[in-house]
Amino acid sequence: METFPKTRIEITIEAPILSRVTQTLDSFPISGYSVLPVISGRGHDGSWSIAGQISDAGRMLMIICIVDPSKAEAILQAIFPIVQGQIGIVTTSDVRVIRQDAF
Amino acid sequence: MDLAIQNLLSPMVLFFALGLAAASARSDLNVPDSVAKLLALYLLMVIGFKGGVQVALNGLTFGLIATILAGIALSFIIPVIAYGLLTKMSKLSSVDAASIAAHYGSISAVTFAAVTGSLSLLGLPYEGYMAAVAAAMETPAIFSALIIARRADGMQQGPLIPPHLLREVALNGSIVMLLGAFAIGIATGERGYTALKPFLTDLFPGFLCLFLLDMGLVAGRGLGQGRKYLSPAVVGFAVLMPFIGAALAALLARMIGLSVGGTAVFMTLAASASYIAVPAAMRLALPQANPAIALTLSLGVTFPFNLIIGIPLYIALAKTIAAP
Amino acid sequence: MDLAIQNLLSPMVLFFALGLAAASARSDLNVPDSVAKLLALYLLMVIGFKGGVQVALNGLTFGLIATILAGIALSFIIPVIAYGLLTKMSKLSSVDAASIAAHYGSISAVTFAAVTGSLSLLGLPYEGYMAAVAAAMETPAIFSALIIARRADGMQQGPLIPPHLLREVALNGSIVMLLGAFAIGIATGERGYTALKPFLTDLFPGFLCLFLLDMGLVAGRGLGQGRKYLSPAVVGFAVLMPFIGAALAALLARMIGLSVGGTAVFMTLAASASYIAVPAAMRLALPQANPAIALTLSLGVTFPFNLIIGIPLYIALAKTIAAP
Amino acid sequence: MDLAIQNLLSPMVLFFALGLAAASARSDLNVPDSVAKLLALYLLMVIGFKGGVQVALNGLTFGLIATILAGIALSFIIPVIAYGLLTKMSKLSSVDAASIAAHYGSISAVTFAAVTGSLSLLGLPYEGYMAAVAAAMETPAIFSALIIARRADGMQQGPLIPPHLLREVALNGSIVMLLGAFAIGIATGERGYTALKPFLTDLFPGFLCLFLLDMGLVAGRGLGQGRKYLSPAVVGFAVLMPFIGAALAALLARMIGLSVGGTAVFMTLAASASYIAVPAAMRLALPQANPAIALTLSLGVTFPFNLIIGIPLYIALAKTIAAP
Amino acid sequence: METFPKTRIEITIEAPILSRVTQTLDSFPISGYSVLPVISGRGHDGSWSIAGQISDAGRMLMIICIVDPSKAEAILQAIFPIVQGQIGIVTTSDVRVIRQDAF
Amino acid sequence: METFPKTRIEITIEAPILSRVTQTLDSFPISGYSVLPVISGRGHDGSWSIAGQISDAGRMLMIICIVDPSKAEAILQAIFPIVQGQIGIVTTSDVRVIRQDAF
């Protein structure tokens, strides 16, 4: 089965900043992104958990975005200034997709 | 004194203590976050709606407008005092001090719920519009603190308050729920109250207990994580600041002529510190501030202080202060 | 007219409006999905159980069987009319038109809850078995629409209705809850009702308000996303179709001899459009249909229309139509 | 007999049956896990609090201490019997037998809620401290089973009971909630009860029905997955063991002089099997044990057996056994 | 520490189709799969969120399945016809596992 | 944009064991980890779902930990004895991050 090489961008970011990141992603000609919940974690400043939280201010979310490798560099450059200064991690990895949509 | 003991033995305070104890012992007892959100929605709905119905019954009064204005003023001024105290008392960075100041200028809805719960157990009425006052006091402190932080850092680039922040803060879910339910209470008045009465009144004490259990759990875990920030100076601040806020509020309440109950509520609002609306706003506006410090103080120190000692004290003081 | 104003100022409608306004202003106010699911379970349980208890008290009647049959017939026929109208009025593809038609042939449980809420405020009783009628009307429309879509596309391969779909649709959670609670109401009758009364009646108005707040939020966000589909033609359809459904239901209700309350409920069911059971079924059976169009119409236009204008109108009409 | 039929037609049992039927038919009806957790918190809170209030009214009695000690003894002894039976009757590995034995020595909080629900419908009072007895019986079985498993495997390395396990098990959320609410009930007594009454009593039957619906769904899905483990021998065990537990409890209850209601509750506790606290502990302490076997037996066989047949039987027997 | 090369299949799919995909996966001799929630996202047709949703019809889920590279091709071929025509993305990537179970 | 190679460790583990794994991770000089919910799945012993569950005993969680490749081997060796004998899967993969923090 023919597959196509893509880049998987995984952005783990504090919830209050989500809309800034997604608005930036929206400005690129990509097919979309998915947001996954993170329920607890540990960072340099100790551990956190969503258990019992009324507000989402202290939690993290994970944005997963499959894009064409040709677009990855520009996206990373646009996201970098947002994530910098906030709590977050951005990783990229190589994946293959089975449908050659307009990623 | 008697009031204090009675408060200590109220189910509300004891469920909070249970949560605190469970979290300290690292029990896995927990309230799912969606349940906590439901409880918060319920409390805001009840407080807002009941307040609105009261306003529908009593009409728009001088007191309403005066107290809202007084509340806004307090929310602006308290951060200035808080920032001054913090930079004098502690070694916190100016941005951390500004962030904490914003928390103390704003209010805590569950502290509001707790004082109204205590008042209704004591049979003391309070002005219905205090729900609107609570909503009005939530946000000014944020902008006040941003101005302080800007000055301190000598930063001049960019707008003082980014426009999207203004919208995000003003349309914060808890403010919209509180004010919306308040407006609906005004619009439907007695008729609406009758329709919703069992829902509004019968469930309230039980849901408040569950909510305080949850707050105890969250506060306990927060203290476990944030203990390292609790220098004597900042703990002193977190206990002193409620008194300053309450004192200013008492003064204004007296001038406006609020009832005993209304005075106690206003003092409690001023004495309480936010841990819902403000933390999110600070991540957007002052990302360099360490969120854990403000949260540990506001939720781990000031909230329990107000719940256990503050509220019965403010009620007792209100009795001597309020216009007869 | 008076009824309409009273409806507009009911807490239910106002909480829906609050949700709609908050979503339009892009407030972050939201009800967690698990809370929305709890509210839906609660409403289905109450509606079903109360209906069953009524049937236990009144026995199996001609009206029950006749109204269920009439409901099934309506659920089959409405999609045919809807599809005809849509293909004539709009430029939608036949598969999109069929999908929308399925939504309008089926019913909306929360609209049902809203009309029963209004009736009980007005002190108008309705036949208890309407809960079973609601359940019976949920699914025929799906199969009706599939047959239409098959014909339109000239597709002949595969079974007309895939067997697993039949099972998935018939065992849809909301139908099982509604019918199950109905059966339990029949089985336990008055005794069961007495045991559960405060739970069934005291909480209902408040939970319905929270539910409608949530529906307002979801509808508001849906409108924000789906505005692009709202051509005058399809909006016209979404406002016209409820009248057609209600008119057909009124005719049948008159023939069966339903009470004023029962006529109003039956009209509302026929006028309402699904946004729970049908969307899932359409993703399985007609994946080519754009889910956003049907949902925007059903939740963003027809639901608020029914809530605000439709229900008081159907009640008013039922008063003049129903057999005395 | 009459009691049995009345029990079969109680809303509680019927909602459980609805859940079971829906799951068996693979309906997508489900209760979100956070809602299930809320219902569990609520039930534990009510049971504990009401029990504490009763103790506040009646004082610390010989019965309280004696029944707690008897409960702890039962929780230690039942696993020994259960393990003996299982290794004799079935071909299960010794570690699986030990794990199952732990489940049966411990108790099920919702079975406790169900028996108290039945008793209050029948107007039969029971000793308030049974809530504390329930909490006391939750954990001894775990340690008893660990000792059995150690012996069977001839394992000698490492501490018998790892210290962190002791803490995790003793501070299990459901125990903390139950005992905490119990203590708060004692502390606030009648005053606290009056404040929370509508919350504690009006909602209980309805929430219990929702909870049992959920248990039915979970049990039904569990049976679907775990059918393969249900050899006649282990099913026999799962039906026989409750009788043995109940018989032992009846004996002790008679010696202590418990009331009819108290005897029925104590029998039910002994007859019930855990599926919340114990499964988690077994994953930590006996990871080699297959979790599905114990869960299928406890939730899929013994829980419905107790709910439908056991509870009315234990109540009937308690009437003849209990000291007059 | 010895690790073994495997293929990580990540299927982001609309919820109503979940059981079709998992039933197909069940027909392969693999060790299993895990389903993760997706709470919001954006596609070619705008954004969505589970907030306030009574039904799961409009949401996405993510299935993660670690398989032996030798089985990946056949699985992709079986899943392709299901995902085609529905809303969804299928990616594969290379991972290493520490236990050589029967993936 | 300069990116840095890291190792992504993905640990899918039964919930009761979570704290054992995280305590082990805490003993390494890493920047942190994130925990994601898993809502259903299938293993060698049939399928499970969190729907309606009061307890988390039977569910899985996914820990994601981005670490410097130099630390991965030691972490895997520390985690292996915990995961062995419990229900769980540990995978590693190559990713790139945009901020060279102390991973």
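Note that the chains take the letters A, B, C, D, E and F in the order they are written out, and that residue 1 is the start of every chain.
In this text, contacts are C-beta pairs under 8 Å (C-beta built on N, C-alpha and C of every residue); 3 or more make two chains touch, one makes a residue touch a chain.
In this text, all values refer to a predicted model and were calculated from it rather than measured experimentally.
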Check: Where the centre means the average of the CA atoms, what chain is farthest from subunit F?
Finding: C
Next item on the list: Return the distance between the CA-based centres of subunit A and subunit B, expressed in whole Å.
Entry: 34
Check: What is the distance in Å between the mean C-alpha positions of subunit E and subunit F?
Finding: 18
Margin query: If I count partner chains per residue in subunit B, which residues reach a count of at least 2?
Written below: 30-35, 37-38, 198, 202-203
Check: Which residues of subunit A are in contact with two or more other chains?
Finding: 36-37, 47, 93-94
Checklist line | Each pair of chains that touches, named by its two labels | finding: A-B, A-E, A-F, B-C, B-D, C-D, C-E, D-F, E-F
Note to self: Considering only the defined contacts, which subunit F positions touch subunit E in the complex?
What the structure shows: 10, 12, 36-44, 47, 60, 62, 73, 76-77, 79-80, 83-84, 89-94
Checklist line | Interface residues, subunit B side, partner subunit C - complex | finding: 32-35, 37-38, 41-42, 45, 49, 167-168, 171-174, 176-177, 180-181, 183-184, 187-188, 192, 195-196, 198-200, 202-203
Margin query: Give the list of subunit B residues in touch with subunit A in this complex.
Written below: 30-33, 36-37, 39-40, 214, 217-218, 221, 225-226, 275-277, 279-280, 283-284, 287-288, 290-292, 295
Notebook entry, point to check: Which of the residues in subunit E end up touching subunit F in this complex?
Noted result: 1, 3, 6, 8, 22, 25-26, 31-37, 61, 64, 66, 93-99, 101
Notebook entry, point to check: subunit D touches which residues of subunit F in the complex?
Noted result: 14, 16-17, 45-58, 85-86
